[in-house]
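After this come two complexes, each holding subunit A, first together with subunit B and then together with subunit C.
Showing the complex of A and B:
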């Protein structure tokens, strides 16, 4: 469907090749100064969304990331891979450690409804927490069908056929859109985001990517963000070669 | 005054791209940077545009090789960590 919008969640995690070290006080792992990058399964999800857009089956690919300011790097990578817009739901660093699948799926639910997405694409799990919950929870909250551990995705009209990798082999299911799909390893081979693309978005930021006013009400209500600070909704929009648009959005989240 | 070679821009872009790719090099970003700089300096006096184009093509080939290397590393690491049952059934 040429009208389909794909919402892709991307998570900033410690790079897969880094040797993890436990903090001396044993409260967690060392994250300061450690190389971070996009979760490999999220890369696969972004790649799938961009491929669908190239096949003209998806109109717009919107990347979302929740977390502290550094998540914008991850979003820039998603934009360089071909996403049209990046939405950063900013969570202060002090709260970021408590951000888990439950909170993220609430954010994704609100955004999917707000952006009128017909397809939510996520990685099957993050390599840092291995929760494997966000996709499933998001589908439940949206009351949408889900195709998890997808190793093949085919969009046909208002249905999507998903081939899933399960214990014991493969399962093929057909879902009616809108739906949530989580990407497994064999879905595709993600492209490498090339430097020129990323630099365009750097220029966009340097020119002053606007930060919107914080919404008047928290995204998910007190339980998810049990602090007085509200998530900032910052949109990153790439500079095209012909036009340059910086979006400044004053979005009101549903209370 | 000599005119700067028109291919200068392409060479610089290639160098910048290779630098960017080198950040993830398994033997270390510094190792890669040193080798990259040495390789480019070795050819700094080449003037023939045809030869320069050939060298640029070689550089772009290296970029493709690096892409493949990085992808395979990541794929193999993820497969090893998350798809144990594949090895068991073999």
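Showing the complex of A and C:
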């Protein structure tokens, strides 16, 4: 469908090749100064979205990341791989540790509706928490069908056929768009952002300068689901497009 | 019985070495992070390093050992096309010819990352992307650029440069390869030696003497573009080198080789200018090679020092080992700052032979020392080929010899000072 917009969630996690060390006070793992990169399953999701765009089945690929400002690096990688726009939902460092699948899925729900996305592509799980919940929760909140653990994705008209890797083997289901799909390992092999792509994007960034746009109204308020006790006040900061780049603006969080 | 006990002990101490060796060769080792903020790289260069690093650690680093052992890179052609796709083969070529249009600092960073994965492939890469491709860009006319650059940049063709001869290395200007004009062709007769990528190259830039009686002697040299299939051009078997094994090096043989007049690179008898100015940039970009080797040494040594135990603690906590880590790290970082800064200056058009020679002189000698320290840190394990430390030393040594020996580099710098006081 030439009108289809794909929303792809990307998470910034500790790089898979890093040797993880537990903090001396045993409250978590050391993240300071440790190499981070995009979650491998999220890379597969971005790659799938970009391939759909190249096949002209998807009009626009929008990458989203929730977290502190370093998430912009992850979004940059997504843009260099071929995403059209990146949205950084900025969460201050102090709160970022409490950010979990429930909060992220609420953000994705709001964004999917705001951006009128027809397809939400996520990685099946993140390699730091291995929750495997965000995709499923997002689908439930949006009340959209879901195809999780996808190892093959085919878009035909307003339906998407998903071949899922499940415990018993392979299952093929057909979903009516709009839908949520989460990517498993064998869906595709992600491309490396080529130098021309990286430079293209960064040069356009330098040329485009800063185009200021007032941040959209904060997504906040009482949780729709009583189980979360984390009040979430977020400013949506559109981070960039392939033709112009927006810097994240300074903003005050409502206390 | 005492003898038996001693023999048992000897066998035991051998055993203590082996498990560590197995451990190292099987696990995917995690590399040491590079602080690019201290290195002065901007955002795009940091991202570029990340991308290239990831690709190479996945596709090249696992093959490095085999390449060194067999003195052959089996998937060379396929890998070259992958590099072409990434955009690193034509890194300094303007976009209009399909290149990436980047600068020397970017080239140095990519050279460093490739050498970090496999120094021999890094050397081949440097010879292709700088010695051949960059020379074409700087000195070729439009026809030549349009004819040769596209395939060199995409990775379908491999490039090389030939100036040294069996009896003319440092004294390159005394080369004997003769080029005589006959109608629309130049007939080349003679040999070249020590040519990186020689066995595999499709396009070679060859320096030959067109005027044997020129005074001074350097005024008689012309640069030519030679293609693999040209009649009279052949290569002999590749050299069995101490290090940089896998970066194929051989002798080129010209027996009445016919090269069309249109393949003269630059101007007739002005080859020495092409050669000398090319040498400066060659030294700058190749200086990335020793940087990569030093980083690879650190990648392997620092984690090992924090795993290996002796006398009840990790050996990385002993002062002499801490001293070694400090020495290796500061040698690498100072070399890096020098190379990166000179590269930045060259990107801005400020280009001095003195510093181009200085960077590779310093980086190469530092790399040999760091590689030696690396072997020492690993002790017995550093001495066996299950670990790559030996390969790092053998590879590092080349950079004190190729691209102008350390002695020549010293001469260049000294003479530059002499010039200032003439």
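Rule of thumb we're sticking to: the second predicted complex is superposed on the first by the 198 of 255 C-alpha atoms of A that agree within 3 Å, B and C clash if a C-alpha of one lies under 4 Å from a C-alpha of the other, contacts with A are read in each partner's own complex, and residues count from 1 in each chain.
Throughout what follows, a residue touches a chain if its C-beta (ideal position, glycine included) is under 8 Å from a C-beta of that chain, and two chains touch if they have at least 3 such contacts.
Remember, predicted model here, so these are calculated numbers, not experimental data.
For the composite obtained by superposing both complexes on subunit A, the positions of subunit B and subunit C are in clash. In the superposition on chain A, A:40 contacts subunit B only, with no contact to subunit C.
In the superposition on chain A, A:167 makes contact with subunit B only, not with subunit C. Once the two structures are overlaid, the count of subunit A residues touched is higher for C than for its counterpart among subunit B and subunit C.
Looking at the shared chain after the overlay, A:185 reaches subunit B, while subunit C stays out of its contact range. Of the two partner chains, subunit C is the only one touched by A:19; subunit B is not.
Of the two partner chains, neither subunit B nor subunit C is touched by A:55. In the superposition on chain A, contact of A:194 is made with both subunit B and subunit C.
Of the two partner chains placed by the overlay, only subunit C lies in contact with A:76; subunit B stays clear of it. Among the candidate segments 6-14, 78-86, 312-320 or 366-374, the part of subunit C whose C-alpha atoms clash with subunit B in the superposed model is 78-86. Annotation: subunit A residues 17, 192, 194-196 touch subunit B in one complex and subunit C in the other. In the complex of the two chains, the subunit A residues touching subunit B come out as 16-17, 40-41, 127, 167, 185, 189-190, 192, 194-196.
Looking at the complex, you find that subunit B touches subunit A at residues 13, 16-17, 20-21, 24, 26, 67, 70-71, 73-75, 77-79, 81-83, 85.
Listed in rising order, the residues of subunit A touching subunit C in the complex are 17-19, 33-35, 37, 73, 76-77, 80, 192-199, 202.
Note for the complex: subunit C touches subunit A at residues 28, 30-31, 33, 43-44, 47-48, 50-52, 54-55, 57, 85-88, 91, 95, 100-102, 106, 303.
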